[in-house]
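There's a structure below that I have some questions on.
Order of writing sets the labels: A, B, C, D, E and F. Residues in every chain begin at 1.
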Amino acid sequence: MTGAGEAVDLATRIQIQDLYSHEAELLDERRWEEWLDLFAPELEYTAPIRVTRKSPHPDTIDELGHFDDTKMSLALRVRRLRTDVAWAEDPPSLTRRLITNLRIRPGDDADRLQVRTNFLLYRSRGDLGAYDLIVGERQDALRREGDSWVIARRRSVIDQASMSTKNLGIFL
Amino acid sequence: MSRYDVQGRLELEDRLRKTVQPEQGRIPFFTYTDPGVHDLEIERIFGRDWQFLGHVSEVPNPGSFVTRRMGRENVIVGRGDDSVVRVFLNACRHRGMTLACEDFGEVNNWRCPYHGFTFGSKGDFLGTFMGAPFERVAYPEGLDRDALHLIEARCEIYQGLIFATWSKSGPSLDDHLGNVKWYLDLLVGKAEMEVVGHPERWMVPTGWRLPAENFTSDAYHTATAHSFLSRLNMVKGADFGREGYHVNVGNGHGLGVGVHFDEESYFPKELEDEYRANLDEDQFRMLSRIKNLHGNAFPNFTFLVPNFIEVEGRRVTGLMLRTWQPVAPNQTQVWSWHLVEKNAPEWWKKLGKRMYTQTFSSSGMFDQDDTEVWEAQTRMSDAALYREEEVFLHYGMGMDLPTLDKSEFPGPGDVYDGKFSEEAGRTFYRVWLDRLLEAKK
Amino acid sequence: MSRYDVQGRLELEDRLRKTVQPEQGRIPFFTYTDPGVHDLEIERIFGRDWQFLGHVSEVPNPGSFVTRRMGRENVIVGRGDDSVVRVFLNACRHRGMTLACEDFGEVNNWRCPYHGFTFGSKGDFLGTFMGAPFERVAYPEGLDRDALHLIEARCEIYQGLIFATWSKSGPSLDDHLGNVKWYLDLLVGKAEMEVVGHPERWMVPTGWRLPAENFTSDAYHTATAHSFLSRLNMVKGADFGREGYHVNVGNGHGLGVGVHFDEESYFPKELEDEYRANLDEDQFRMLSRIKNLHGNAFPNFTFLVPNFIEVEGRRVTGLMLRTWQPVAPNQTQVWSWHLVEKNAPEWWKKLGKRMYTQTFSSSGMFDQDDTEVWEAQTRMSDAALYREEEVFLHYGMGMDLPTLDKSEFPGPGDVYDGKFSEEAGRTFYRVWLDRLLEAKK
Amino acid sequence: MSRYDVQGRLELEDRLRKTVQPEQGRIPFFTYTDPGVHDLEIERIFGRDWQFLGHVSEVPNPGSFVTRRMGRENVIVGRGDDSVVRVFLNACRHRGMTLACEDFGEVNNWRCPYHGFTFGSKGDFLGTFMGAPFERVAYPEGLDRDALHLIEARCEIYQGLIFATWSKSGPSLDDHLGNVKWYLDLLVGKAEMEVVGHPERWMVPTGWRLPAENFTSDAYHTATAHSFLSRLNMVKGADFGREGYHVNVGNGHGLGVGVHFDEESYFPKELEDEYRANLDEDQFRMLSRIKNLHGNAFPNFTFLVPNFIEVEGRRVTGLMLRTWQPVAPNQTQVWSWHLVEKNAPEWWKKLGKRMYTQTFSSSGMFDQDDTEVWEAQTRMSDAALYREEEVFLHYGMGMDLPTLDKSEFPGPGDVYDGKFSEEAGRTFYRVWLDRLLEAKK
Amino acid sequence: MTGAGEAVDLATRIQIQDLYSHEAELLDERRWEEWLDLFAPELEYTAPIRVTRKSPHPDTIDELGHFDDTKMSLALRVRRLRTDVAWAEDPPSLTRRLITNLRIRPGDDADRLQVRTNFLLYRSRGDLGAYDLIVGERQDALRREGDSWVIARRRSVIDQASMSTKNLGIFL
Amino acid sequence: MTGAGEAVDLATRIQIQDLYSHEAELLDERRWEEWLDLFAPELEYTAPIRVTRKSPHPDTIDELGHFDDTKMSLALRVRRLRTDVAWAEDPPSLTRRLITNLRIRPGDDADRLQVRTNFLLYRSRGDLGAYDLIVGERQDALRREGDSWVIARRRSVIDQASMSTKNLGIFL
């Protein structure tokens, strides 16, 4: 069994757990600029497409994705969201991210970690009680940066072959 | 007239006949989401018209198949062991079970999981899973193999684009596409193309027609709906996409071409030879001037060359094809393909895909605003279905303008100077109305 | 008769005509959730009747607006730059996009996010976002500004309560409210009122009529449905709300007044002068006796003074206004306002709000039981839609009782001694039936 | 014919009359999910036919009750204080509130939570909760006690199985069950039975008819749909359930019996005496040969003796009863009971329950595949509702075969050698069609 | 980044985490009297209304709420739930609270903490497979009480402008 | 208050937390054989039926369940899933298990623990954006096995009287 307990010491484990709680709060409060600070400059931010295949064929397609971003392009998205004409998210969705099932594994070297978490992203808009759920797994690569960690890669695996939210105007 | 006064099909047809006035630039609000209109569309448009299903690169080998939608129905697009591409209703002839349950795959035959009825790659009934002895016990008189052939749609291919229709007697694909072929050549005929990965799918709470007509003739919305472009100084000048041509292609198809005035083509030099080999002179020259191109072939096949953007020192774009599959009057499934020239340099493939994804996928910065708007229109129309007075929407941009002639623009169709026109939208609605009122095909 | 025998509007009207018998205290079960009945209601009640939308304190300044519902439709209630309150369909005249996308706000004009068509605070079309030069390119012949005026509802205000109707020729608000005005004065005319915060909204799986008729004439249910009151010794005596008066106000409005026999008014002494200044003598005396008051103005405007409760040594209540917005035959959106006298002492504001929230918000100890019941009735009715024999419900409480005269009770309408009567409920259904059968207004 | 051409009930009846051809083994695809067909079924089958509700062991004492479904409606099955089992619509006669809100319980009377109207265990109106004085105030003229009697269904019991129907004039339960009684004896008449725990309930996105007809006459699907059995070497031989008998029982009921050729009965020796005491000679001998037995009594009462399996050195099975409750054209609620002989040895009870749960509960290894298939058929049918040409499904297995005579098989009905026949399915559809076309009962 | 790791020691962190798991269990098992014991006498228990506004306007309205309770009024609610006539929740809903994203921050003094958690409240009633989700954030103020903690303030932010559950007969 | 902090030391707590994250990953990735290894040979694996009853009647029925399995029967299910004819789950559902609210309590002896967790199981199949949620509580008995723990009993309480997923072709 490979669990977090073995890959890192307790202080790091807690630090990482808090990193994810903090990140979720930043996103749910739309503090996107602070959120961007959590990422490394070399960030790759992707989200593969899911397909329905029989076992044992893979059910993810990485050749194309819901996202294909760099830190710079995320920053552009954030700048866009800060204009007064970002209609899709202004008025903003009410969102809440539940982050669970933290799994920390050694990365390529001592300064790197592979971190997986499960997420449930609740999103409501409008006025008749409807909401969307986006559920999946984040597969992150973290890099040590001083005494903190930055996210150097994120691959978000959404658990639907046909997504049931009208757009990804929100971040995973 | 309120929806409540319409008691059945005949009265609905009457209401449509009276209130849909494309030539006057007037379309009644109820048509956006009326459930009866939607049902008519399913029967008379998606039950009869040519629909785009995919690209030949998705079914490369004998036995390759993908499963796709034609309106509400699920179909198999399969390359038979004779290399011919065919389209079948994805329903077992025994009791209607879904035959192919994967998005794509490669098989010798389709065996139904319920009772094992098995069908060959040409749609022919092969027998039951347990084999002849078993079958003989169950069906001592044998099974009528012909009657059990899969239900097959007419399938034709143009420039690698696979289309199908349930209509047995309607026009050929060639006739249906008509003038739009000249423009499709520019997108997918200019080089060997391949689908990147797999089409993305997601659900948008809109009727299918709002996005389809948007791509047909709505160049005007960009300036407002996508005004983040100017806010962030991402476009030069303030023409906001007017610069170019609006084309009323005919048959309900429409498109707009944005052009640049630079010397050089924006498309990769590396592919110039292949382009030249596949296009005629007029087409090649047009390609070299393209800055963006949006369009829709009736009913729901959208194509787009997003505006070229500069990134990492390169000018790139990422070709998109789409269908808008009707799921309910206020529910549409988007299918969005990204295609690229097979022989393109790596930078074009990588950056083009990135640009496509950032601008026109489910997370696309343009798509976001559009889906927000379409949902809102849909909800307002839904809410207004029982209003007693008819509410008319405005489709009057660019009425009675002169068309350009061949010397001014080489492509076919009625071409207008500047992209701000809804002429093709009005024709879209004319074709749409005629289809809906055509009781028997 | 089963729902299946009703093939269209005309047969439904027939069925209603035959089976809805308010004067006999008999209402057929199917009317609770029949989809055809619901559609008729949307067209003929919510499409025509005066509906409550909000309070003037919610749109305090020129440019202030709130967005509200009239049945299924979304409207803007806006105070124009001329300080007049108007009501508009919240749909852009171009292509129907939602114009104001906020619950409330303050603006100079509404600019549509799709193509930028812009409307002034009086509903007048102002032009397109990009300005005149841009517009001239798109619409060289100009746009018909009058035709693009927002769709406007008739709006009238009574004691700060904003109402609107789509009907152009129907009665005035004054005529519609009729006798209920005398009682509304007691609630919102007695002092300067203000909305606290913002109305709460939530979804309840019931038809809109069950709550509306409950507040119209159902004093009887308290003893059972809310019997926790007696279980927890929270009410003295066992009259359970019988003590008081039932009022069949007319026009389908109904209410019940619970009275106390204490010397002093339960309302805050601090406001006595303001009350006196705004009420006539009869009204002031009535106010001083009020222990609780529930009522509903046809169709879906509910008002309530919850039973006074003692808390922290004070006797308080918290005024509630509500609408029940029809979303589907079995789905209603509750809008619940809490209002308070602007000049009231702090304790009255703070404790009144608390009492309101604990008893009649979504977490209200009364509301909980009511929503449970309404949902269950709705589900049972839904399930019974295809029963062949007609099931009749019992609306027979208090038939043929004598009314009090003016000397016994000062307020207008048919007044009955004791709150246990469904007379107003029967009139509610009479008005309802007449509305549904009125083909053209 | 497309659904769109069917404007009302009469045209739908016409379409059914023309296209449903059970005797030719042809059933049109649209009937699987057409909403109009579903509504007709609710009115004319679930509104009139005998339906299984539960077992007497579930209401052991006076005052015991369970709440169950008859189609879309909720009913109380209660044992009165006179020990008689009765069935009532679970709706208060006052305003239709759900009366019994629990799945089961034991009560003296049902008191409505809304206004306290109270009903005795025989369905009689007892008065209002607050008692006579209170009631006299509210209803000075008194309440018509007879008119307020609960709506009661006809209820009859066979071998502990409780059935009810809304029809007042239809056949007796005895006549309705007819020949299937002989087989039900084998399942629940052979010994004192008891329900284990409580029926399991879950939702399956299928119409109710697909599972019902599967259990009626689909022995053939096992070889393919459940072929994991052979993959995992869990069945010996390759007959895959052919070995045995198909019985077209009559009245739309159908079943299949799988037999073994071992000397000994598979049922527990410990119960042999009880079996003998309750069965006739023929039945006892049949019981001793049973390896499995599946069947369905029209419309939606399924019964099953799953194939005996060896586990922990014992040969066991776990009896299942089911109903398929129609919730929507593509939504069914499964009710699945497990019953066991009360006097059985512990090993039989424990292992039988385990086997039942592992094979035929919501997690059952057989059920899983079946639900997957039924959902897929349902979706394909839904999607095809607007196709213009009629799609016919194949119900042609085992046509025109000779029946066995009494000497070959002792049970009643038309019996065929080998389980591979759809004769009972064809009769199921004949009865179904006749019901749907019977306008008035 | 402000995470739990920095505000409190590990033992406290664990204590608080367990407090929330325990609370959820009490509520899901309807052990309301024990649940009340988790609160300080001075409790303020509120839940603001959410509204749809354009950025950067606030999307919460605290002037009115779904709840406006004290410990005494919560106790009254509990007494009511224990009668045999609390129809709305008898038969009770089947509920499950998933509590995640624990964030602990210093409070006004050493004996106080600000604690935020995200919650998903699943609620099912009746017999046809329907359920409601109530999702949001709890913003609690904790006060030390001996070697334990009590909840002195709770502000539950529900992420819907129009709530999609028929009543709040259950506690947040 | 009975929380995890008191029943076990921190290392064990972390070990158990990781066990559940690991288990969820194995299930979501359909690594069923590895999943089986987490269970003791004497495993009882059950899921009671829920019913709607008035308080204070119990709302679970253990006499019959959605599952009634042993380790051996689970292994049979897994073998079945590995055939090419396990139609119900081939193509497989896309699933994600969010495991929260860990509560650890002493077991019958020093080598046993009672562990409760809440779960949300998200399941999507097919192509039109639909999904099912299965939510409830796992009540496990863990047994020490060397320096690790195995699951000796699992009782999964699903919070619905009428389950809204078409089958339990997936594991709880």
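Convention: contacts are C-beta pairs under 8 Å (C-beta built on N, C-alpha and C of every residue); 3 or more make two chains touch, one makes a residue touch a chain.
Keep in mind that this is a model prediction, so the values were computed, not measured.
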Neighbouring chains shared between chain A and chain D, ordered by label: B, C, E, F
Winner on C-beta contact pairs when A-B is weighed against D-E: A-B
Farthest-lying chain, centroid of Cα atoms versus that of chain E: B
Homomeric contact chain B-chain D: same or different residue positions, threshold half: different
Gap in Å, rounded to a whole number, between the CA centres of chain E and chain A: 26
Averaged-CA centre spacing for the pair chain C and chain A, given as whole angstrom: 45
Centre-of-Cα separation between chain F and chain C, whole angstrom: 48
Set of chain B residues in contact with two or more other chains: 7-8, 101-103, 113, 201-203, 224-225, 227, 333, 369, 372-373, 379
Of all residues in chain F, the ones touching two or more other chains: 10, 52-54, 84-85, 87, 91, 98, 100, 120, 126-129, 133, 161-164
Chain contact graph, described as a line, ring, star, complete graph or other shape: other
Touching pairs among all chains present in the structure: A-B, A-C, A-E, A-F, B-C, B-D, B-F, C-D, C-E, D-E, D-F, E-F
Interfacial residue positions of chain F with respect to chain D in the complex: 47, 49, 51-54, 57, 61-69, 73, 76-77, 79-80, 83-89, 126, 161-169
Chain B to chain A touching residues, read off their complex: 101-105, 196-198, 200-205, 224-225, 227-228, 231-232, 333, 338, 353-354, 357-358, 361-365, 367-369, 371-373, 375, 379
Interfacial residue positions of chain E with respect to chain F in the complex: 10-11, 14-15, 17-22, 24-25, 28, 30, 84, 90-92, 94-100, 120, 122, 124-131, 133, 148
Residue numbers on chain A that touch chain F, as the complex places them: 1-6, 10, 13, 50, 52-55, 59, 98, 100-103, 116, 118, 120, 133, 135-137, 159-164
Residues of chain D that touch chain B when the two form their complex: 2-5, 7-8, 29, 32, 218, 220-221, 223-225, 227, 240, 242, 369, 372-373, 376-377, 379-384, 386-388, 391, 393-394, 396-399, 418, 420
